[in-house]
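In the two assemblies presented below, chain A is common to both, partnered first by chain B and then by chain C.
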Partner chain A sequence: MTALTRTPVTAPAPPSARDGLRAVLALARVEARRLLLHPLVLVSLAGYLALLLWPGGEPEDAYPVLQDVDRETQFGQLLLGLAVMIAANLGVLRSHRRGTDGSFAVLVVQPWRRTCAHVLSVLPTVLVGALIVAGQFTAEALKPGAVGHGSVFELVTGPLLILLLAVLGVLLGRLIRSSFVAPLAAVAVIAAAFVFVADSSSPAWLRGLAPVLFDEGARPLPSGLLGRPAGWHALYLLALAVLAAAGAVRASGGRTRAVRATALTALGAVVAAVVLQGTAPSDAVREAREVATRDPAEVQDCVRRGPTTYCAFPEFTPWVDEWARVTDRVRSLAGGPGAEQALTVRQKVNALDGPSGTGEPSPAAPGEVTASTAWGGERELEFAASVARGLVVGHERYAGVFCDARGVLTVWLAIRATRDGEALFEKTGEGYNSPGVIQAPVTAVALRDRELTVVERLLALPRERVGRAVRAHWAELSAAGTTTDRAATLLGVTAPAETAADREWMCA
Partner chain B sequence: MRVRRRAAVVAALTRPTVRSLPWRLLAGGWSLGVVVAAVPALFSLDLPAAVLANVVRAAALCGAVGTAFVLDDPARHTTGAVPVPRPLRQALRVAVVGLAGAVWWAAVLGVVRAGADAESWAALPAGALTVEAGALSGLALALAGAAVRFSAVRLPGPAVAAALPALPVAAAVFLPYEHALFVPPGDPRWADAHTLWAGILAATLAVWAGCGPEPRRRVRAVPGRGGGVPQRGGGR
Partner chain C sequence: MTRPTVSAAGLTLSYRGTRAVDEVTLRLTEGVTGLLGPNGAGKTTLLRILATATVPDNGAFTVLGHDPSTATGRQDARRVLGYLPQNPGFHPDFTAFEFVDYVAILKDLTDRRSRHAEARRVLDAVGLADVRGKRIRKLSGGMKQRVALAAALVGDPGFLVLDEPTVGLDPEQRMRFRELIAEAGEGRTVLLSTHQTEDVAMLCHRVVVMDKGRVRFDGTPAELTAVADGRVWRSTERQPGARAGWRTGTGEFRNVGDPPEGARLVEPTLEDGYLLALGGDPVAEVAV
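Our next item is the complex of A and B:
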């Protein structure tokens, strides 16, 4: 029965293009289901969703700036993409591991069509990634405190990362027949994306080559000043994925003209995208950054509320109500002339270095106080300190710490004007490892140990009692020469003696 | 007497063990590790100690991915009946790979040192990082050992290697700030983190050792999972 004879066999008619397509789609459907239900992908998805849905978070999260939130979706998608890459690679190599490669050789679906099916099979998983991004961004955008505009290109970057990594998994499976390669590739991607981070100080072409355009600045910027080449980067990722797909099809024997044309087009697009990313930011963006940093009044919208004028970049005007709440609270605590004094709250940025910049904006003009582009939690305390300093001191230039009544008064006003002020004051001290310092915009408001002790003693007293004393002695407390001892006496507490550490500070 | 007989068995088994180990895979992982470690030296980047520590960790992870394949034994269904117990055979494999791995690790540290300026290198605690690398490889070993013990799989390597990068990533993402594992050198949490690392190393080695002995009953093969019946081909 098993004797081999040379009987001529009539070969089956070669499949028509339509049959081939149907076979590819059928296989793609099966593989897509297997990929999505692969334990590694399922566990990663579960972990990812658990992290997103986990309750809690910073109070700052209630006030998202959408042009920053959109790119925060990318790293999670990159990690999910690593799992998908390994799973897709294992899918391609399944027949190799199970020793069924030989059986496939007799099928009429050629290997390159099988590769096409594997490439197509990653799309539903990419779609799941896209749905997560959409859900994540929508949830942020629907928060009442949300401001700004997201970018579609930043949002599609995450799903495109999954696509690229998954297709890379297929390509690796076709090039090297060992399931050892994908985990190593995952480690290499981790090293490239998280260890050797190409940040804003790297050359533009290197930044463009990295999977994620990394920008981590001190404060958000208005969306018009970002100047991130998100669109070109998305094109780069897409073109790279197409190039890898064409490479995988070619490596498994699909040497048609269409494959070569696709590969060459994709290669051209990759090179173009890398070059074009290097041209960002455009001159117009640079100029807008210059204007927003040096002369923000030109581009801001102003609203008048009582004696205070609030000027914000147009995207941030929804926060004016929040600023007004804190400002009015500071004014009511100050009482007397402090409550009526005209004041302009101006939002300022230092946009010269783009979204990675860490510089502080320049001090405000006399009669103005600075608001930053972040809000919620400690940012609220910082803003309250900025307003209190505006009322008490009247300028933001740094000339040393206030070793007198003004320091005590400013910090007491800031803490009492903020929701949960005492807890935030303690937290901000721990966070920067410097108790008694509020990182107010432009220059921090710092206290020496002596003034800090007075403030702590004041916080232990009933707020009404201290408030009455502040209103009664406002002129003396806000004057430059009033000593800490005098302030403590006026407010009904005692000040401790000056310590050696206190004497090392430079006093204003 | 018994010890002497064991020693003779070990001596006799060493050469075949060395020959049967998946050296190509191990060498692949190790070379990528050296390449990662050499990046600062090749591009003369002046990286701070915190980044260098992460470079060393990435290299360690490359080595751990290779370690996942150490317990792969295509012949396990025929070696179940031999008188040399599985723990001894596995320990011999791990010892051989461990020796080669130690040489590789010394090379990784040497390459990192060549690419770091003196100040960064001085701030880099090589011993503690070696514990981390050992724990990562121990994790691979424990997973592979458990896969061998609780299933009839012959080649646990691919699945373990696939799962391995997920674990450090999950640890980095999910662990709270106070209990972070991947802390930069000089951080106040460094000592605590490395107590944890040492604990992980000990626990993973204990799990691997516990999974060493053959089960008293035959592990049932999962149909269609490349377990039970030895098949043709059966690559990694």
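Our next item is the complex of A and C:
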């Protein structure tokens, strides 16, 4: 007798439902490992992690707003999900592509159970996606400058996207035996996502059908004003995944009552979630947006530091110290009356159109300056310009570019009161294709080339020397009638002659 | 008489109006049974029916007491059979071990430790112990075929269906494979479809000849050889009455058919019997 000779074996015990489940789990384990180690998944994971861990970044990254960070986790998950969709599809089609259909057809575990295993096999990859989201969000939340609150529903949206796309890959593999279909579906998903996003005028329920609810507004909003149907969207994605899984199992012969019941329940949940997404935002959220936009003082916390009062939406109060640092710097550069002038820094938003809104808040009342809901880097320069303008000009209404001493003074103060102010000012100019503009909250502070040249000449001088001159001539420099030539003279530089291009601007 | 392990009665299956399998009745017993027949004879279709891959239009069969016509019976039958199709296919990026382990899962071997032990056992048995960690795409054709045999042997099936397993193998590999099939036939029922009468002569205790979907012969290899008793002769020239004839290395013709008076009869072989068992139809494709 040899190794191949049949040894008498006892008759196998009749199979039970538990045996079937054990086979499904055993197969799911094998498929899960193969899915996680699929080159496409590994490459997308590596690319995704490289993007997250890439050193550098913007200065604003040190001051994350967590109700935006949670949404920002979703796009990377969408890309990972597309890779998993294709890999899962190839896993389902493996037997067909490699010609093992014939021999596998007579094996004990039925095709529908194999499909169940493929569906379950995506869960570890979903877990990896969830761990990345958790890591990404935790790293942001632990930054000293972090403010706001993340939403669990927004955070689970990314992993649910991976689940949905992977299960769609399984479903496609069971419906169409071609490995070209999943990549085409991936393109379709991307197209659908961006078409829905591009057309922000679409009804809410229609936008809710997109895999990711993109909202790219001008500035972050307090979390209570977002009004995003994140919970219903998460339910929509989950129910759609379950529906696709039930469809895949049914397509491979699993026509049990449990599969039918699951499919019907999931279908009901999908419909309910779509309808309920369309009802957002609630009336309470609309009202809160209205109040926050028109009368923010009603919902803000204020704190007084010397002659300055800082009023912020409660989630943003940790930034008051940062605002105070910049404000105090502007005041110390201004000296004299500028240093003592009473001022209220008020955080403002335009929340009327929700997180997609791009409108600016209305100009602050006299004696107030506006702080935005973003901080760090250029935002710091913009805030410094807002404070300097408040001290020099006294209002935020836009009446044209500053063609006089006030513009020179405001911009010099803003740059000198900001960390890396010169570099940021240069960068701001590049960004707006107009070198003399600082996008201060509400309205920009803009200079003509002539005033800009004076500022550049001032920046070339020692800060203390210019500072002494500013403090000595504050009243004249901040007066509406003082010309640019006079400002240059007072501050120890010369102003270039006014050009024809300069004369084309409307001056404030 | 030995008790049959696989019984089939009146199996019929038609494809587009053609009867691929036509009223086939079989009783297989332990040991290796050869299934001979020309291309298109219906061998593969019959094997697919017996392996439960295809459902017959008519007829019934049992595998080790299980009736595959019911869902439960089909599952039970699948638990006791191993099937190596003509083109088994492989997952090239799996190692030999991973592939056999995967098949073992699909054969419902769920305990990880005993499943791995079983995968190692069958790979050892087919002589692939040294390469079980190697990716299948890096194995030779003969090794791949042995991986497929190992996969068919997972779970120690009582009924093994092998569809032309030696096609494409070089003589040495074919010899090695014959050893494996002979070993596999000890204690289990093996149905071996082949074009090679040598395989049948060396391995089988019984042979079935099929043509045009029907069984033309069912008996021992000696009985098949005996069909040609007195019907094989030598001549110096090609004989018009011969159903097949070819010039041998000695320069003489060897003829199979109805010999003329006074012909120099020679000992028949299994192949002669096979040619004659195919009936009155031309067999020109094997004649030289």
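Basically, the second predicted complex is superposed on the first by the 488 of 508 C-alpha atoms of A that agree within 3 Å, B and C clash if a C-alpha of one lies under 4 Å from a C-alpha of the other, contacts with A are read in each partner's own complex, and residues count from 1 in each chain.
Operating definition for what follows: a residue touches a chain if its C-beta (ideal position, glycine included) is under 8 Å from a C-beta of that chain, and two chains touch if they have at least 3 such contacts.
Here the structure is a predicted model, which is why all the values come from computation and not from measurement.
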* Is A:P183 contacted by the first partner chain B, the second partner chain C, both or neither? -> first
* To do: Please work out whether A:I86 is in contact with chain B alone, chain C alone, both, or neither, and reply first, second, both or neither.
  => first
* If you stack the two complexes on chain A, which partner ends up touching A:D420: first (chain B), second (chain C), both, or neither? -> neither
* If you stack the two complexes on chain A, which partner ends up touching A:R22: first (chain B), second (chain C), both, or neither? -> second
* Touching partner for A:L51 - first (chain B), second (chain C), both, neither -> first
* Is A:G102 touching the first partner chain B, the second partner chain C, both, or neither of them? -> both
* Asked: Thinking of the overlay built on chain A, is A:E290 touched by chain B (first), by chain C (second), by both, or by neither?
  -> neither
* chain B versus chain C as contact partner of A:V195, first or second or both or neither -> first
* To do: Go through chain A and flag every residue that touches chain B in one model and chain C in the other.
  => 98-102
* Structure fact -> chain A contacts chain B in the complex at 40, 43-44, 47, 51, 79, 82-83, 86-87, 90, 93, 96-102, 177-184, 186-188, 190-191, 194-196
* Touching residues on chain C, where the partner in the complex is chain A -> 51-53, 75, 78-79, 81, 83-85, 87-92, 98, 101-103, 105-108, 110, 112, 115, 121, 124-126, 148, 151-153, 156, 158, 180, 183-184, 186-188
* To do: Using the touch rule from the top, collect the residues of chain A that touch chain C in their complex.
  => 1-9, 12, 15, 19, 22-23, 25-27, 30, 94-95, 98-109, 114
* Write out the stretch or stretches of chain B touching chain A in their complex. => 25, 28-29, 32, 36, 39, 45, 51, 54-55, 57-58, 61-62, 65-66, 68-69, 155, 157-158, 161-166, 169-170, 173-174, 226, 231-236
